[in-house]
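So, here's a batch of structures to check.
Both complexes below contain chain A, partnered by chain B and then by chain C.
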Partner chain A sequence: MSFLYRWFAGIPAYLWSGWGALASLFLLVAGWEAVSLAYGPLVLPDPAAAFDRLFALIDSGAAGTELALTARRAMTGLALAILVGSLLGLLAGLSLTASMLARPIVTVLLGTPPIAWLVLAMLWFGASDGTPIFTVFVACLPVIFIGALAGTRTLDHHLKDVATVFRLPWRMKLVDLYLPHVVSYLFPAWINALGNAWRVVVMAELLSSADGVGASLAVARSQLDMDAALAWIAAVVLTLLAVEYLLLEPIKREVERWRPVEHV
Partner chain B sequence: MSELRLTGLAHAYALKTVLEDIDLVLPAGRILALVGPSGCGKTTLLHLAAGLLTVQTGELRNGFGRPAAIFQQPRLLPWKTTRDNIALGLKAAGLPRAAYRRRADAIGRAVGLDGDALDQFPHQLSGGMQSRAALARALVLEPDLLLMDEPFSALDIGLKAQLYRLLLDHQAARGVAVLMITHDLMEAVRLADSLLVMAPDPGRIVHRFDLGTPAAARDDDFVHRTTAEFLRHGDVRASFGLAPRVSPAATACPREIGTKVGAGGTAQVLPMPAGRKGLAC
Partner chain C sequence: MLRARLSGVSGLRHPLWMCGLRPFFLFAALSAVLLMLPWLGFLGHGLPLPAVPGGPFVWHGHELLFGFALAAMAGFLLTVVPEFAGGDEFTPTQVRRLAALWLLGRVAFWSSGVLGAGALAVSATAHLALLGGLAWLAAPRLWRDPRRKHLAFLWALAGLAVCIAGFYADALQGGHPARWLYAALGVFMMLIVVALSRVSMRIMNHAIEEAGIVGVEYRARPVRRNLAIFCIGFFTLAEFFLPGTRLSGWLALAAAAALFNLMNDWHIGRVLFRRRPLMLYGVYVFMATGYATMGLALVFETGAAGAGRHLLAVGALGLAIYAVMSIAGRAHCGQPFETRLWMPLGAALLAGAALVRALTAWPGADILTLWLVAGLLWVAAYGLFAWHMAPLFLAARTDGLHGCKGTAIP
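What follows is the complex of A and B.
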């Protein structure tokens, strides 16, 4: 209850602090407009045209449907990656042998470009939903795995001694010692993976699906419709910004209140 | 009567022997200080007593039922408020939330942490406040055995004096047995009933001093004088790697110093019987 209260109470101050971010975003849009004025709308349409198109897409309901479809694929892949990656990472972290074994494999997975996985996925799953979901899953898995592994491996043995001396029962050790520590590693990895998932799903759809934001981008490309292409890009980026800064960032602030504040 | 008894205790990390033939007895209500240079196995000895290390050789019998420990660093859980950190042991013992928070508040105030500090997270507290919280976390359990690993070594002298007072008051009121390790001779002389001097390579007890005056009755003068006496002692100097004193007193055998100090009625130095590396308290 106090969590919800603090969350809502914190929103005005948090949004107010967003003016700086907004200002820098508007600078970017201004740069965009400058390039568009210099090279003409054939190379880069001006922001107003792109946003007009975006509002038209939203009004017609197309944007909502396609975004929802893309989001469903991205979230399914991400949820699977979170489930499998967190579990395997935690288990691997418990054993030194397992973590040493896992490290090179994870490096291979991280080094494999998502586009390579996409080719394999297209061969395995064809044009079904399976292709983007699998690609997202594979692209997010190593990031989450590493977060979970680091979380279990870096637990301060000094704090374990405290738990032993003060005779913490196993349930308390889990809830008061291991979980908060591991979550402090896992949560940033999840957020990282979310950004990854959102990028990868659009790419996968562009090459393999008949619907979704990626497919709409592919249509815009084939019709040389720059306004629509930019409108879809704006839709994808704005959705990610909204989720990250309105939902995840406040949660992160709340669960990591105990951390010393790092000034950027 | 409960006691902590170590008999012929030895410990090795891989091939390096860090403790050899340790004998000591700590009865209820006594304060025993282990002094010695860094690396003489003091911390290992304390960890054995706390059950953090498995006994390899010898015997360790701990008759105390409610041990608590204070470590060299405060070691507070960074994601818990000061209040919840202090209450950690009470929560582990299964006390209901309201009860353990009330007791944490009371002991927190006793060690000088106000309501604001109790609501804050450890990183928001100064080093001295964190040390107070660590002390409170141990004292709130009303332990019958308190193990302390140089808990005051990083604090300024004013804060040290305050925490000594808190500890001694608590000790006098509850009769807790304390095993403390320190490389600060003055600290040991201020607090302990008995001092065991340890020497390194391998860690062993080379000398034992008993202080006659009760800790509460010791003033700064006494502490300075007695510490100076100890520092003249050959075994103490050798243990800390100090050069033997060149003045005539340095060549004196321990028995002579013992007589001199003992005659003052303040402290008594007992020479070790040959062939024994430790002594009962």
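What follows is the complex of A and C.
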């Protein structure tokens, strides 16, 4: 109950603290406007034109359909990566040998550009949904794996010993000791991966699919329609911002509440 | 009674010259009323205003910014600089010279339509000399302070000097000088953010103590303040060089968001709803909504920019000056905090004036009536202030002290 109360009581203050972010976003839009003023709309249309087009896309329903499709692909790939990456990472973290073995492989996975995976995926899956989903999966996997690995490797042994000495029941050990620590590593990794997934899926669609936001971007490019291209980019970025700041950041704060935080 | 108070005012020993804020806050209070009444006469009945370069609207803006607001700023600086940076208080002679420059500026500008360029040049000299004199008095002390944390006041003085110099350069060359007034309003907004950060720490924490709230402390943190000042400055520059563009609109929206963000410092619980904290908070509310209105007007190309500008001028500037003059004015004349009702009432009247003035942007609104109502509310607010505060500025201190020394505000 008190948890819920604190949660809801904190919402207005959290939302109000968003003004700072909004201020810097407006400065960014002002910079965009300045570039478009200096170089003309052929190089960069002004924000108003892009937003006008975006509203038109939303009105016609096109934005919703395409975004939903892209989101489904990104989320499927991400969910698979979270499942597999977290499990493997946690397991690898339990054994020193396994983590030693995993390090170089993760480096290889991280070092391989997503576009290389995309080429492979196109050969394996063709123009089906499998291509973007697989690319997202492979691009997110190492990030999550490393987070999970670090989570288990950095567990405080003293705390573990204390728990053993006091004969804490296993449930308590899991909920109060292991879980908060591991989740505080896993969660940032998942959020990182979400940003990754959202970027990679658009790229994969641009090159391989006939629908989705990426495909719409490809169409805008082939028609030299700058307004539409920027509108789609704005749609993608705004969706990501909304998910990150309205959904994930509050959860992240709650999860990491036990950490000493330095306030700005 | 008034005559008795004014007798001997020419002498250096008259209480009016005891402290820099006395003459200047008196000028500010009286000019707030006396500058608005002819303006309302002009709007309502077409009564003539002093002919000045740029016309009646420039007269209105120039007088309220470089007459009313500048006087309040001079009084504020003459009082707080010795307090913040240490050193002796400024002498009655120094205060009187600056006051004379302010009066000369009024006379010269008002007569510039009749007397021509000569009077304009005199007015420019008087205004710049007033700012120069303030800087001359304040700069060495602010600079001597080892951490130099109050230098922002000097930058504000410099910014205003640039605006005044530009205004008169345009006016002397026959151009339309209004753009310099807009820029000066921006400088005043930045000055308010700087000044209120100093004032609010005392007022808020005193209010917290007074209310008996424990475990809460108010701190005006520089991070958010600097972002707000940066955004306002950026907008002011953009509006000056690229007036009426969407670019300045986005920057105005950034300034509004940065000011809403600044309010985070203030959200520390119910102490905010006490009289004095609420007045100071109201300044930020008007400043933020003013920039938001201007930003939306510029981005969506509607005609509401003037309404936004007056939310800044009447709401933010007018209310900030009212709040600071009524809090500091009493404290530095040796009086305790005002507890009578006229003070919050005046603040509410000013808030009403700002809202009514902003309503003129409403489609189909009866603009003239709203203008007049807003002006009358303004006159009523500052009339109340002058009625209650002017006697204080003219009388000797009752606590046996001399000069500006503040009463025991913690």
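In this section, the second predicted complex is superposed on the first by the 257 of 264 C-alpha atoms of A that agree within 3 Å, B and C clash if a C-alpha of one lies under 4 Å from a C-alpha of the other, contacts with A are read in each partner's own complex, and residues count from 1 in each chain.
Criterion: a contact is a pair of C-beta atoms (placed from the backbone, for glycine too) under 8 Å apart; a residue touches a chain by one contact, two chains touch by 3 or more.
Given the structure is predicted, the values throughout are model-derived calculations rather than measurements.
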**Request:** Record, for the superposition on chain A, whether partners chain B and chain C clash or fit.
**Result:** fit
**Prompt:** After superposition on the shared chain, which partner residues are touched by A:Pro180: those of chain B (first), chain C (second), both, or neither?
**Reply:** first
**Message:** Which partner chains sit in contact with A:Glu33 here, chain B, chain C, both or neither? Use first/second/both/neither.
**Reply:** second
**Asked** What is the contact status of A:His158 with respect to chain B (first) and chain C (second): first, second, both, or neither?
**Response** first
**Asked** For A:Gly111, is the partner it touches chain B (first), chain C (second), both, or none of the two (neither)?
**Response** neither
**Request:** Write the angle, vertex at the C-alpha centre of chain A, between the C-alpha centres of chain B and chain C, to the nearest 10 degrees.
**Result:** 90
**Request:** Could you tell me if A:Met172 is touching chain B, chain C, both of them or neither one (first, second, both, neither)?
**Result:** first
**Request:** Have a look at where A:Gly61 lands relative to chain B and chain C in the superposition and call it first, second, both or neither.
**Result:** neither
**Overlay on shared chain A, then closest C-alpha pair between chain B and chain C (Å)** = 11
**Asked** Given the complex with chain A, which residues does chain C contribute to the contact?
**Response** 223-224, 227, 231, 234, 238, 242, 245-247, 250-251, 253-255, 257-258, 260-261, 263-264, 267, 295, 299
**Asked** Contact residues on chain A for chain C in the complex?
**Response** 13, 16-17, 19-20, 22-24, 26-27, 29-30, 33-34, 37, 46-48, 264
**Fill in**
Residue positions on chain A within touch of chain B in the complex are 158-159, 161-162, 164-169, 172, 176-177, 180-181, 184, 257-260
**Item:** Residue numbers on chain B that touch chain A, as the complex places them
**Value:** 47, 50-52, 67-69, 71, 73, 75, 77-80, 88-89, 91-93, 121-123, 137, 141, 147
